[in-house]
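Mind looking over this structure? Questions follow.
Going in written order, the chains are labelled A, B, C and D, and every chain counts its residues from 1.
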Amino acid sequence: MLKDVQSLNDDRNLSIDKVGIKDILYPIVVKDKNKGKQHTVARIDMFVKLPHSFKGTHMSRFVEILNNYKADIDIRSFGDILDDMMGVLDSEVAGVEVRFPYFIEKKAPVSNLPSIMDYECEYTGYATKSEKDFVTTVKVPVVSVCPCSREISSAGAHNQRSYVKIKVRYNKMVWIEDLVNIAECSASAPIYSLLKREDEKYITETSYANPVFVEDIVRNIAEILLEDDRITWFEVSSDNMESIHNHSAYALISRDKRKN
Amino acid sequence: MLKDVQSLNDDRNLSIDKVGIKDILYPIVVKDKNKGKQHTVARIDMFVKLPHSFKGTHMSRFVEILNNYKADIDIRSFGDILDDMMGVLDSEVAGVEVRFPYFIEKKAPVSNLPSIMDYECEYTGYATKSEKDFVTTVKVPVVSVCPCSREISSAGAHNQRSYVKIKVRYNKMVWIEDLVNIAECSASAPIYSLLKREDEKYITETSYANPVFVEDIVRNIAEILLEDDRITWFEVSSDNMESIHNHSAYALISRDKRKN
Amino acid sequence: MLKDVQSLNDDRNLSIDKVGIKDILYPIVVKDKNKGKQHTVARIDMFVKLPHSFKGTHMSRFVEILNNYKADIDIRSFGDILDDMMGVLDSEVAGVEVRFPYFIEKKAPVSNLPSIMDYECEYTGYATKSEKDFVTTVKVPVVSVCPCSREISSAGAHNQRSYVKIKVRYNKMVWIEDLVNIAECSASAPIYSLLKREDEKYITETSYANPVFVEDIVRNIAEILLEDDRITWFEVSSDNMESIHNHSAYALISRDKRKN
Amino acid sequence: MLKDVQSLNDDRNLSIDKVGIKDILYPIVVKDKNKGKQHTVARIDMFVKLPHSFKGTHMSRFVEILNNYKADIDIRSFGDILDDMMGVLDSEVAGVEVRFPYFIEKKAPVSNLPSIMDYECEYTGYATKSEKDFVTTVKVPVVSVCPCSREISSAGAHNQRSYVKIKVRYNKMVWIEDLVNIAECSASAPIYSLLKREDEKYITETSYANPVFVEDIVRNIAEILLEDDRITWFEVSSDNMESIHNHSAYALISRDKRKN
């Protein structure tokens, strides 16, 4: 029988906080608020804590666990995946991070033509024997029109694509779709894949009527998340790809309601 | 003595078009139109053609040649580098590709405050025993204001950062600075690192007064390059990071004056 | 009615080689040799040629065409997409480029345990009124063991992950799976997501028994592609992420059989 | 005079944790242990905390501060930059993050030929009126030979490039060069840009004689950092780009000595 080098004893007396696999690309199926299920492709990290007495973990077992769940990656199945990891890998701590594009069909604001928008999302879960912790992250592209540029200029105002990132912990299901809506209504205008001329006119005019600084975007979202009783913690940031600079303007607010 | 496996005979009768090293990161010094010299960091590819009779090339020699030139990477030293490669690596064809950020100090349009802008550039050189071919590429961020959005909307117009890429072959020295100027004057407005309020007002108003489609940007540049007798070939493209979409609008024009 | 600025006349007398949309992310379904169909996510570019007399193209129509085909992106549907583009956008030339990860279930060589491997692929299609041209590209990670290191060392040999890229034109259907097989049998060993100890032993020993330079990989593949009558043109390259350097060793062979 | 929209009052009662500029590319000069100074190119983030009563910060001032320090970016000048930011932007908290490639000339182990290696580094600094906190991060490519593969195989062992990342807080100057040395002596072998055959033999044989799991790499480094009295906190991770998989093996250890 082949020697199991990983199971050998280690005498350096150093536990390892995280050990596992990183950046494995994997086809997954996630819950979809409107259609039930959605196929997408994820980049996944999985890790456990390694007690000081073991020389190494068994990397192939992470992939075996993943193979058992591929058709059902979901915030709800995360608990089972984490329990399996702690069991199979004999660890007291486990973590999973799953990053994937999520697609939502949206209707253009005037023509009502449907098209598909992509949002980068991330589900992360950490578990110990007694506790589980989940975070959902959604990155939403929006339009931001600069209030200063509008105020000081005789016509026009610089605007750009901004990437709003919302990370939340919650005590009751929050859908990706919910977070996308919150981000979109907090900026100058939403973004679509398909806009006809009448839609473009509408987006141009409504965004010009709703100028926001990067600071306004994160404050608008923070106000909504503070009011939402499902949310227990959040971190919201916006990265405005300034049309007049070659760098971004950036703002971030984080609040932990559990501390109050 | 250690066996030279690379120099062994190969009997598959297949020459190799390109063989060499890729993606080596290297500090270089490039010629600067205003300051004489500029320090930057480059990502470099180097390759030669391998005749069918050799099993392999000698990869370490590429790095040795690079070490000889590091303080003087330049379109003008490229000829010598290519000659060295053909000589040392015993090949009839050699190529070098050097990609680096190049920095230009620019003054804001109204306040005149100086700041530094970065432009991604690339020098490529190919040589045979009888011929040499050089291409200079510059990628220039600019502002583009959408003419359609402006025309159909009661106020405002969507605008965004666009990345204009100009690639040229020439018979007389063309500076990176020259190509940056051509790109900037062909868009709605140039981009700066540092703008005070009076500058932001100016850029907003002039860009609104100069709306351009992605098609206009490449045509404006093509018109200038067709008139410029130094340029013998060009390819110009623009990638407009649409503020109202999560994808880009794109256009490309290429012309070879040597064919006329 | 809103003015159609794009349809205005342009008097610069410059046709545009490519104009369209770039980097739109889209869920697609592709043909799968073993399972019939496969869901994945693609990054897509679409463009047409714009005659000199038009000021601009209609960008939203590209997305409308894409919406019609989303459930059936395929080398075979590409012809229809290109015809639609030429029709709807009133152009004599059209092009589509679709990049996506493709997943294949593979069995580990000794344990026979199944796991899923990802391969970056690209379908490109160009069309004029009289001709169509298709290219399939597959990027395959493989193991490469260095023959020189093995020959000169008393034990061991440096090895690394290499990314082999095969691009082909063909006159009879070639599957992604076929190209993956060709790449894998031309390197030191294939790569798997899941290997148990007996598999790891097998891969280590067979790869050590099959050392290949980056030059050998591309020549081995070129020999097979030259013999394959379905293939009319190919470009094969390998990017070896050298374990002993922080850069890659690289080789490329291209052959056009149509020229003979 | 142009209206200062940013200085307006905000009544949402929400302070912003971080607001500033992100991803500005900038030429900098850093301290070099051997040569005194080194030119490189950095990607920089700068931010302050914004009190709830202000509508916005003044983004251009970040760039103005940067312009004052460009020739002297250094862990030691960081304190001054942070003080300037708190002063000019009227904030109680400031942060700077500077990421750059750093180059070290190394001699090949047998031939003694010099060549230049690149290491991705990061300096981060955070300050409040009463405290400053600095972290230095170095990412070091090394060779890792798998102990399991070596043990169970009749010949050879899979090996790969691994990226070791060391982040440290300290109470006495720690050079980038010091951290590079610690990483390199904790893996199977260091990595060089230029190796002649005698060097390749040496690296192959010594790395084969020193197999390490990803777990061993981080434990070896943690042992050294725990002993080093300059270090008050560290996080060390390794990302092994497995030659036999298309994903990485990963491990991380973090320890805070200030807590004991």
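What we mean here is this: a residue touches a chain if its C-beta (ideal position, glycine included) is under 8 Å from a C-beta of that chain, and two chains touch if they have at least 3 such contacts.
Chain-to-protein mapping (UniProt): A, B, C, D = GTP cyclohydrolase FolE2.
All figures in this text were calculated on a predicted structure; none of them were measured in a lab.
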Farthest chain (mean CA position) relative to chain D: C
Between A-C and B-C, the pair with more C-beta contacts: B-C
Which listed pair, B-D, C-D or A-D, duplicates the contacts of A-B in over half of its pairs: C-D
Chain centre separation in whole Å, for chain D relative to chain C (CA means): 35
Averaged-CA centre spacing for the pair chain C and chain B, given as whole angstrom: 25
Whole-Å separation of chain centres (CA-atom averages), chain A against chain C: 29
Residue numbers of chain D (touch at least two other chains): 2, 24-25, 118, 148, 152, 193, 195, 197, 201, 246-247
In the complex with chain C, residue positions of chain A that touch it: 2, 4, 24-27, 38-41, 60, 63-64, 67, 70, 101, 103, 113-116, 118, 193-198, 201
Residue ranges of chain B in contact with chain A within the complex: 117-118, 141, 143, 145-146, 148-150, 152-161, 189, 191-193, 195, 197, 200-201, 203-205, 207-209, 241-247
Contacting residues of chain D [partner chain A, same complex]: 2-3, 5-6, 10, 12, 14-25, 45, 47, 50, 55-57, 59, 147-148, 151-152, 213-216, 218-219, 222-223, 237, 239, 246-254
